[in-house]
Amino acid sequence: MDLNFFLSSALNGVVYGAFLLLTSLGLSLVFGLGRVVNFAHGALYALGGYAVIAIINQTGAGYWTALLLAPLAVVPIAIAIERATIHPIRNRSDVYTLLVTFGMSFMLIGAIEYVWGTGTTLLKPPAPFEGTVEIFGNQYPLYRLLAAGVSLAVSGGVFAFIQWTPIGLRIRAITDDPGMAEAIGVNTKWLLTLVFGAAAGLAAFAGALGAPIFAVHPEMGMGILLDSFLAVILGGLGNLPGSAVGAMVVALTKSIGGGYIADWSVAVLFAVVAIALIFRPTGVFGRGRVA
Amino acid sequence: MMFGALRAVDDVSLEVQAGHVHSLIGPNGAGKTTAFNCISGVCRPAGGQVLLNGADVTGWPSHRLVSAGMARTFQITKVFGELTVLENVALATRSRMGCNLQVWGSARGRTDATAQAAEILKLLGLDGSADATADHLAHGDKRVLEIAIALALRPTVLLLDEPTAGMSTGETQRAAELIRSIAQRTSVLLVEHDMEMVLGISDIITVMTQGRVIASGPPAVVSADTRVQDAYLGAVDAWST
Amino acid sequence: MTARETGTRLLLAAAIALLAGLPFVGVPQFTITLLTEALIFAVWAMSLDLLVGYAGLVTFGHAAAFGLASYAAGYFAREVTADFFVALLVAEAVVGLVALTTGFVVTRVSGVAFAIISLCIAQVLFQVAVAWRSVTQGMDGLVGVPLPSIFGVTLGTGTPFYLLTLACMVVTYLALARLVDSPFGRTLHAIRTSEDRAAAIGINVRLHKWIAFVISWAIAGLGGTLMVFMKAGTTPMSLHWAESGNVLVMAIFGGIGTLLGPVVGAISFVFLRDEFTTRFTAWQLAFGLVFVVVVLAFPAGLAGIFSRAWNALWRARS
């Protein structure tokens, strides 16, 4: 196996990692703010993929317009889900929200199958990015590089938002100490609803952006959901920078490992994460909330 | 004879004598809870040690502390809410008898454990509500149930974390008498911020402010100490602002 | 024994007798096959109830125990001997070993962390089943598992296997009912209510959770062994997270912490799924909806609704 093979695998890992970053950030934000582990996050990601195709087919809109509209279509659904199913059981134990979102995930995937069928669709990359460029001696699809760049830029925007805006400050304050919420007079419940909606928007955006790269099918969200869980656990639940590092570690391990030891790489990855969580329940990369 | 001696060292050093009610008091943030947590094994002290009957039990997990003779209650009531009052205490008596790993035979079949539990309820005046669900008890009774559960473990030293928190004046009075009577069976380390309640029932009082002990001795001596009066009253003023 | 307890026992005995009599009163073979599957799931769902309903440990990876036993028993039966009890013993040895080791680490945490790490463990096994082709045949799955035999007599599919399954289910129920009523079972309840409190009365919380975990896996192993003989094989899908989700649905829909609830849940699951998939394209949508409504509005499940009615009946009579 030569160096080019290794570098190509690594590049694939970075591209996947950029998508994983978008989904992991949302999971981590929602967990940090409300201790809600959203099992339906993957289904919302899939919904984004279907929304972008539906918008293009129904309205004849261009890809880029549809890419912006798709998350806007998913956010209200997510907000409705939060108000109807998570909000009423906030005072029950954490595992109830996990169970409810798990059922929600079933429902959303079922709804997708009902409306769009169980088939697989692959969207063509939009012009003028259909072509390939030569990197590491291989022809590499141009759209993948572009999409990875967009994902990284949006993730950067999320970080900047959390770091520098007043709302971001509140989110960080509550994540660090839930008791702070009352002290600084924040209505946590509505804030959680909004952040839940925004996180779903990010997932849907990732799903829409990935439609020309990864195949669109009803269960497309499950793989990325499990990988996001791993990333968030590695990074420490609720710890955003940790989640970002976790996302890259997971994506690179899968992609590079997959090139050499095939399916075993995923087994190794899960085992490593399980062991990491046992010995560092607050995450491997620095401080996080106790899981 | 030193029976049930207990020492937590780290700026703070105190020794509970057998059969004594020893109170640890101080305003909020004085470090009482930290000291309590170090003694009861919730967190490991950075330095110093906890001795129980002369043995070093520093940083032991809760269940080992219990078998070594140390029982505790919680500041925020933690009883087994869905179970009956009797079953709450019977869990503790069965645990002390070491049969909680027994997988065969009905728990109710352990009549010896149930009988002892009933006895303790009677002693603490809870026998009237033995068959009530713990969640349905009045707040004051739940606090007493906490003590009953701990007492069922027959500890040599009983750690009480603000047992009268949230109680009415009448309930507090009843609890104070109860604590005094418990001391005939076990030593008591009481953590409180209510100076008045403590003065009436303690053999020894240790006063803490800002992480260190400022006075220790019999109630009469401690209450006459000007540093205690200053610190305590000053702190009281600080709360009310 | 109170009149009500006697009443409950008579009702259970009647239900068992009814189930045992079904193949002999002209119930179609197809229904018997569905029932066999349902009773196997019932064993599995009860094992999950011990973890979720009694020990308070919600897991998203309970397919691990079931699927692992299927692979171990199926491989052994095909390669060595199809004796049911020997294959079961081998499967239990494998499941027990994995449960002892993974359980030792995973029971150090609880709540959401436990749910997700147990999912990770199941995914590792899933990936191993996919990747270890020389033994598992990868995604094609293990095939060619022979019919089981008991004391040298080969058990036919259909009624004989159904009766074996029913017997296993009843034994499992009786054993678990005793277990949850024992001092150990009551202690698990205490741990579920408050781990801090339980530790403060001298209970070794981790040891108890570990033991509950191993017992739960062992019982799931019985289910997995029955299943591999029933289907004459298994695939990595038996270890998939969706299967772990299915068994959670059965237990919660039926009512956790009741043992009988998950049995009713498993039977309803199998028959509802059969109805939905043949008549209705969006069964997953309907199932998700039912699940969400049950968790939100009826956390006690079907058993909760039933036992309330049953209690009301006895109150009305006395």
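As written, the chain order gives the labels A, B and C, with residue 1 at the start of each chain.
Quick note on the criterion: contacts are C-beta pairs under 8 Å (C-beta built on N, C-alpha and C of every residue); 3 or more make two chains touch, one makes a residue touch a chain.
Given the structure is predicted, the values throughout are model-derived calculations rather than measurements.
Contact topology of the protein chains: linear, an open path with no closing contact. In terms of C-beta pairs in contact, the better-connected of the chain pairs B-C and A-C is A-C.
One inter-chain figure worth recording: chain A and chain B are separated by 48 Å, centre to centre, where each centre is the mean of the chain's CA atoms.
Mean C-alpha position of chain B lies 43 Å from that of chain C.
Chain A and chain C have CA centres that are 32 Å apart. Among the residues of chain B, none is found touching two or more other chains.
Chain C contributes residues 178-179, 181-187, 189-190, 193-194, 196-197, 199-205, 207-208, 211 to its touches with chain B in the complex. Those residues of chain B lying in contact with chain C across their complex are 61-63, 66-67, 71-72, 74, 78-83, 87, 91-92, 94-96, 99-108, 110, 149-150, 152-153. Contacts from chain C toward chain A in the complex involve residues 58, 60, 105-106, 108-109, 111-113, 115-117, 119-121, 123-124, 127-128, 130-131, 241, 245, 248-249, 252, 281-289, 291-292, 295-296, 299. The residues of chain A lying in touch with chain C in their complex are 35, 37, 85, 88-89, 93-96, 98-100, 102-111, 113-114, 222, 226, 229-230, 233, 237, 262-264, 266-267, 270-271, 273-275, 277-278, 281, 291.
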